[in-house]
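Each structure below appears as structure tokens.
You will see chain A twice below: alongside chain B first, and alongside chain C after that.
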Partner chain A sequence: MAVFVAAPIADLMNVDKRRHPAIFGEAPSSGQLGEPQIDAIYLLDAIYLGELQASATSETIRREQLYSKLRDDLRLLERLEAGWEHEVEAPTHLARREAERALEIFKHLNAEPVAVLPSVDGGVGICFNNREKYGQVEFLNNGEAHALLYGGPVGAQAWQINLGETNALREAWKRISVYL
Partner chain B sequence: MSIYSADLDEYRQRLHANGRATDPAFGLDELLFRRFPKQSLVSGWPMALAIPFDSSGISVNRSRYSLAQDVLEPDCCGGNYRAGQVVLEFGVADFPAELPVENPEYKFRLKHVPGECCYAHSVIWCNPAGDIKQPCSTPSKTIRDLFRAELLTKIQSAGRTPREFTVLGPVA
Partner chain C sequence: MTSQKHYAKAPIVEAAIDLRCKFSEEQSLDKLERVRQLLVSDYPIKEDLILLKAQITPSTGLTSEQKIAGFRLLTPERTKIAGIGLEGFTFSWLAPYDRWEALRDEAFRVWALYASVTNPVNISRVGVRFINRLDVPSSNGAGVELDQYLRTAPRIAPELPQQLESFFLRFQILIAGEPAANLTITETAMVPLTPNVVSILLDIDAFVQGLEAKPEAAWQIIERLRDEKNLAFESCITDATRKLIR
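Up next is the complex of A and B:
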């Protein structure tokens, strides 16, 4: 027995809308158009550029958030008291100020530290990490700065950073980034 | 009083000196335990800047006479309860014997320095001669850092993640 099934009216009404206008000769097909319009290329470029800008903006925001957290961690160290670790001094104002200055420099260099921690040698450390490799820059209460790299295949490296030299932290970051 | 072990008799027999003499011989298979602040772990691993190194060397407990959690007991922390600590575990051969490697200035040795309530207490003793009968002294910052780096690299390559323990007993 034949069964009558009513087709959905909406489909019949909209079927033409799913067809490209070129099928009915209402608009030129891509073959008839020839080479793509220069305006269209500019439009695509603009969209791509917009996406790039949006991506760069989100990257900037992410980095701002990271450094905001690191500065907060640094401020928390003000509350540490002497003896926070057995016989260890709390970080002094000098050490915290140098670490804050270093954070600004590292931010401009697009470095991404993972933590700001107190040092058991008395001072503040800015830590870097990439998988099994670690780096740190320490600002001691006596005004000295030291860097340490370890975990990589070339063995550990430790050196003192002369903060009196221009670009000392920039050079230190260059060495850290190569190692990591 | 133990805060990490349930069996107090066993704990006292294990950790208190109970008249035992110093044991200067460390087995190659022995482990050493060191407490470490949990806040100084990065991606779950200890950072070098939180390994203390003072004029009396680095304090550790030895596994022949203690369990890992014993190093967190007030009996082994000068009577103090220290919150927020984890335990680092490493082998007796996991720290460098001398540094720098090319031109050694400092040597590191293990010395059993038992306490009345913490028999397992030992020290990574350091001085230029590598002689545990001579006073321990603090190496330069660069040597301290290289020591920490070598030790932490060994700990990580052996996959010895820091251990965390739950307090069982009352904390004074």
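Up next is the complex of A and C:
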């Protein structure tokens, strides 16, 4: 009788990525596609739809894909070395840990960051975008966090986020969401 | 018609209604913008729905182009999403889920505004899709016997170790009727939200394709698909799962 024992979270996410390319938006294998297609049209966020004949572009599946990729991007930052950009420090464990925690909160809030990138100020940035408007939350190596909004008609805004406050990231996302 | 049970802790993380349309005239983003204006008070957030066209030929290799194929309109909490496209309409309701009647009525209200501008002639495909997340207690990492919670689950040959670290099960069933429908059921492991829990995704998608139905008839089919979806859900889970979500 099959017993499901969830692997440690990190392993499970890695297994997930290899598990089914249709879910995670990777190139489907030839076995799934059949004959190579000359002219394939996919909705960017609907590979699940195309492959699995699902009814709708699932927001849930799309977000799972998105956050899987963002966690991967964050994990890749472990490999950065000091001087990756002129004399900028690589993101520290502290900055990466805070960014990871923030991703979980943002996911819970239905936020959709577009990227996780190293910060030129030393740290990790979680980026948001809607057309010409941008938002980012930066977790610096010294433990501070800042938010920045720009590109909208109201002009740029920046503020410090007190990570010690329980709802600080929730409030930051609320402000970013309104701006975007 | 199956009996419609209501669970206080329904594990639904997303419910969606989908209609693919045929129009008498080509649709445009200007028209969709008019739809957006009708919905802007309830769905103020707008995001583009991007269509990627990729082409592979021996002479040019891989080429691709992107274009906007519609808009995703979201409520401020981003829990209700209307996908208004050049080829169809999708309405998604994310957790917390309310009731079918609330989902259907809101989807229909938004659809009616979409249809009033785009004038679909026929519906070629309709679907009702519910994605459930079953969080099953698993203390000390002992795991859970899938058969205890699911009546449809992977079966491992007894000669093999029975501990699964991950799994993916997906199948499609033809449902006889007029018109014939399809049921796609997907089960897979999810990353748990809390410790001492294992999470299982149960994705049930009931749909009819190859249709040439008038919009009114399509909404009647949607009601039938909801019954098929409910039957599938009740058939897939056990009393132990019912106890968890009651």
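Just so it is clear, the second predicted complex is superposed on the first by the 123 of 180 C-alpha atoms of A that agree within 3 Å, B and C clash if a C-alpha of one lies under 4 Å from a C-alpha of the other, contacts with A are read in each partner's own complex, and residues count from 1 in each chain.
Just so it is clear, contacts are C-beta pairs under 8 Å (C-beta built on N, C-alpha and C of every residue); 3 or more make two chains touch, one makes a residue touch a chain.
Worth saying up front: this structure is predicted, and the values here are computed from it rather than measured.
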item: First, second, both or neither for A:Gly143, with chain B first and chain C second; value: neither
item: Which superposed partner A:Gly83 touches (first chain B, second chain C, both, neither); value: neither
item: First (chain B), second (chain C), both or neither touched by A:Asn110; value: second
item: Partner chain in contact with A:Thr60 - chain B first, chain C second, else both or neither; value: second
item: Residue contacts with chain A in the superposition, chain B compared against chain C; value: C
item: Contacts of A:Tyr134 with chain B and chain C, given as first, second, both or neither; value: first
item: Chain B to chain A touching residues, read off their complex; value: 37, 39-40, 42-43, 45, 47-54, 78, 141-142, 144-146, 148-150, 152-153, 156-157
item: Interface residues, chain A side, partner chain C - complex; value: 1-7, 9, 11-13, 15-16, 19-20, 23, 36-45, 52-61, 64, 109-111, 130-131, 177, 180
item: Residues of chain A defined as touching chain B within the complex; value: 85-88, 114-115, 117-121, 125, 127, 129, 132, 134, 136, 138, 140, 144, 146, 148-151, 156, 158-160
item: Of chain C, residues touching chain A in the complex; value: 13-14, 16-18, 45, 47-57, 66, 69, 76-79, 81, 83, 90, 92, 94, 125-129, 131, 138, 141-147, 153-156, 162-168, 170, 172, 182, 184, 186, 188-192, 198-200, 203, 205-207, 209
